[in-house]
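Listed next: structures, encoded as structure tokens.
The following pair of complexes shares a single chain, chain A, combined with chain B in the former and chain C in the latter.
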Partner chain A sequence: MSSELLTKLSECVEFGKINLASPYPPQMKGLPGADEITKEALESGVTPGEILNDALISAMNKVGQKFSENKIFVPQMLLSAKAMGASMIHLKPFFANGSVQRKGVFILGTVFGDLHDIGKNLFGMMVEGAGWEVIDLGIDVKIEKFVEAVKQNPTAVVGISALLTTTMVNMKPVIEAIKAISPDTKVIVGGAPLSSDFAAQIGADGYGKNPQEGIVWLDKLTA
Partner chain B sequence: MYNFKSFHFYFAEVAPSVAEVLDFLKSTDLEEEHPAVIFIRDILDELNYSTGIQGGYIIKNINELNVKSGFINIENTTLNIGRQICGYIKEAEKVALFLCTAGEEFTRMTNALNEQGDIMEAYLLDAIGSLSVENAMDKIQIELKQILHPDHFKISNRYSPGYCNWPLTDQKALFDLLGENSIGIALSESFLMTPRKSVSGIIGIGQQLKHHEYGCKICTNTTCIYRKILHE
Partner chain C sequence: MSNFINQILQSEKTLAFPIMTHPGIEALGKTVREAVSDGEIHYQAIKYISEHFDTIACTSIMDLTVEAEAFGAIINLPEHEVPSVTGRLVNDLKSVGSLEVPTLDKGRIPQYLLANKLAAENIRSKPVFSGCIGPFSLAGRLYDMSEILMDIYIEPDVVNQLLEKCTEFLVNYCRALKATGTTGVIIAEPAAGLLSDDDCMMYSTVFVKQIVDAVQDDNFTVILHNCGNTGHCTNAMIASGARALHFGNAINMEDVLKQCPENVVVIGNLNPVGVFKQGTESSVRKATQKLMTETAGYKNFVISSGCDLPPFVPEENIRVFLETVKSNNV
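Entry: the complex of A and B
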């Protein structure tokens, strides 16, 4: 029973079936969605940890993989993330009371001077779906704001995003400021104009060419 | 001496079609019943009642254009537009400095969608805003071309700070040159524009100006997401 619910939930997230009222995808019309199935699973004794690990993470993994292979594009990915969010609402109390352990805290922001947030938002959702707590600092994030967030969350990993060649250069002083107060804090960078070489040059510990690569890098930190 | 010429478009005049939005998002394969397609259709209808898109330009004479050093001087203000853009407008005698915005209403609607967790819808609305502003600028550019045509002036494509290696920090100098305008776009200390869905930049004007390809086709950034979306 529990494995059947987890499979159904995983499919809802993968294909973007949010709740009973959602008419999409057509083959799931009139059926319960991620919202109702999560509720049912919890009521029938499935643990929040099982829901997170055996349904949500695996579903978002598939979504990330399809995205990196150009089999789906941003709208489909965001619909999946929305379905995941509908499930996650029911898990939030368990995260808050500590009965479900997340993999860690991930601080995320678009570097100062840059207001592009699509890549950042997508990655944030994927990271959350991969079992991390995400603190999203937003766009045009100043050095001081990143530093303050690291001070408040000393064990966190930091992700910095930029979309322009003219703003990606702003990442270096952010990394330097973070490393100055917390040398062991790991920093991953991402964004369309970046490369692994550039990431290494500016002192980043990791680089994600796409969300999936970023998740793989993050998960290695917890392995 | 030229004055700032402003334009106001009703949304319907510059709105992209559903197909154009899907094409922009590389999502032409989405089914008719996909929530993204339904949202795009509905919001385009709703936006027809919005305040519309505002833009405009001011023409200025060029004091100096130095391709080798990558700068242009206008009224004793230097814009470091870079060698690439300088090369594209090297025959220019004048420039049109432009602004265009989808307005605060667009930002408010996008933020509201994000806050209520409608992230896909916010993303789609953002794309519609970008396309509408670009369509409005296309219309402004056509008008500029027509005005200048009798004097045998040609115009270049438009170029913006932040792209083609033109530093975003030059927004300050660009806005100083633009002076007072009725569009109401403000700059943050990080040189970002408010309302968020806005564009600014430069168009070269000259009798000997040659045509160069626009945007992604001329950019050397081979990994940019827009290039990926539009041209692959």
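Entry: the complex of A and C
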């Protein structure tokens, strides 16, 4: 029973079936989604850890892989992330009371001066789906806000996003400020105009060309 | 076949058409905010480009907010960066239903029409291209990009209604741009590159084609720009009927040229940031030569930047690019 529910939940997340009301994907129309199946699974005794590790993380891993292979595109990825979010709502109490452990804390924000959020949001959802707790600082995030978040979460990894050529240069002072108070904190950067060379130049530890690359880099930190 | 397209297809040389206005704005000592707000300054920037760089044509500013602003969206206007849309104007069937298609006197539209008119009237040395946003990219700015990407599946009727209103406005706007006397329009539709080919066809191409059908003729060429296409939605771009297609740096130009019909002009795609802005003279020369070698033999190819050059690109890098094109043509 639990295995069947976990398989169903994994499929809901992989194919973006959020809840019963959602018409997407067409082949699952009228069927329960990640919301209802997670609830059912918890009520039938499936542990939150099993839900997270055996359904959500594995499903989002498949989603990331398919995206990097151009088998699915951003809309499908967003719907998968939304389905994962609908499941995750039911797991929040277990994260809060410590009965389920996540891989770590990931602080995320779009650098100051930059108001773009689609890449940041997409990556944040993928990171959460990979088993991390995500603290999203939002857009136009000042240096002080990043530093304060690192002080409050000293073991966290930091992700900084930028879409503009004029704001990508703002990443360097953010990284310098973070490293000044916490030299061991790892920082990954991403965004359309960036490159791995640029990431290295500004002192970032990692660069994600796409969400899946970022997830692979993060997973190496916990391996 | 339009005159502009004919000129390219009959040329024995590879022609250069980088998309740029910022070098002009900077040379005039003006800010981006001033240029996107004042048609006269905007025109002067285009004029500077036309006079100082040996390109096949010049363009107006690629500003992907002026149309959304006309609809009522809130715009962030930084001093030295292109503007961006903030917040969400519509979010459901009701708000989309009551959204009015704006007239062409709203926001900065009159200033853009003025810049195009002045450029078309006064720049005689080369063609001037107008610019506008594509329907899906505009709808995404009004509805929130993440939300519209999901709602093409969850609320397709709402998205289609919004796309119809965006297209109605863009048809009117492109007709007015055409009336200024420019040679054509570059329709920038980057958000459609986030879609699969089928979805791009359904939620972008169908609507872009309405604009193309309304304005394209022998004297007015539509260039469809989609820098989000990594090779997955080229068929949808071709199906728009635009006589020229402009590609971003994420795509392989050789593959594109094999895929596109010979009578469609294919334009692209040196990285505007990695090559033009961050590159050295040596790396610009190398990247330009490499692309020209890869695309040699395709008469429908025009070498360009993969997108609008961002602010503060070293002018020397642009000159090296143009000199390299010229010397490789000999």
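Methods note: the second predicted complex is superposed on the first by the 223 of 223 C-alpha atoms of A that agree within 3 Å, B and C clash if a C-alpha of one lies under 4 Å from a C-alpha of the other, contacts with A are read in each partner's own complex, and residues count from 1 in each chain.
Note that a contact is a pair of C-beta atoms (placed from the backbone, for glycine too) under 8 Å apart; a residue touches a chain by one contact, two chains touch by 3 or more.
In this text the structure is predicted, and so the values were computed from the model without any measurement.
Once the two complexes are laid over each other on the shared chain, residue contacts for A:Phe198 go to chain C alone; chain B is not touched.
Within the superposed three-chain model, A:Val74 lies in touch with chain B and with chain C [touch as defined at top]. When the shared chain is aligned, no partner comes close enough to touch A:Gly104: not chain B, not chain C. In the superposed model, A:Gly119 makes contact with chain B only, not with chain C. Using the contact criterion defined above for the overlaid structures, shared-chain residue A:Gly49 touches neither chain B nor chain C, since it reaches no partner. Contact with chain B, but none with chain C, is seen for A:Gly85 once the two complexes are overlaid on the shared chain. In the superposition on chain A, A:Leu164 makes contact with both chain B and chain C.
Chain A residues in contact with chain B (one complex) as well as with chain C (other complex) are 16, 22-24, 73-75, 78-79, 82, 113, 115, 118, 121, 164-167, 193, 195. Listing the residues of chain A that touch chain B in their complex gives 16, 22-24, 26, 73-76, 78-79, 81-82, 85, 112-115, 118-119, 121, 125, 140, 142, 163-167, 192-195.
Within the complex formed with chain A, the chain C residues making contact are 76, 78, 80-81, 84, 86, 145-146, 149-150, 152-154, 194-196, 199, 230-232, 273-274, 277-278, 310-312. Across the complex, chain A meets chain C through its residues 16, 22-25, 70, 72-75, 78-79, 82, 113, 115-118, 121-122, 164-167, 193, 195, 198. Of all residues in chain B, those touching chain A in their complex are 25-27, 30-31, 33-36, 117-120, 123-124, 126, 161-163, 165-168, 188, 190-192, 196, 221, 223-226, 228.
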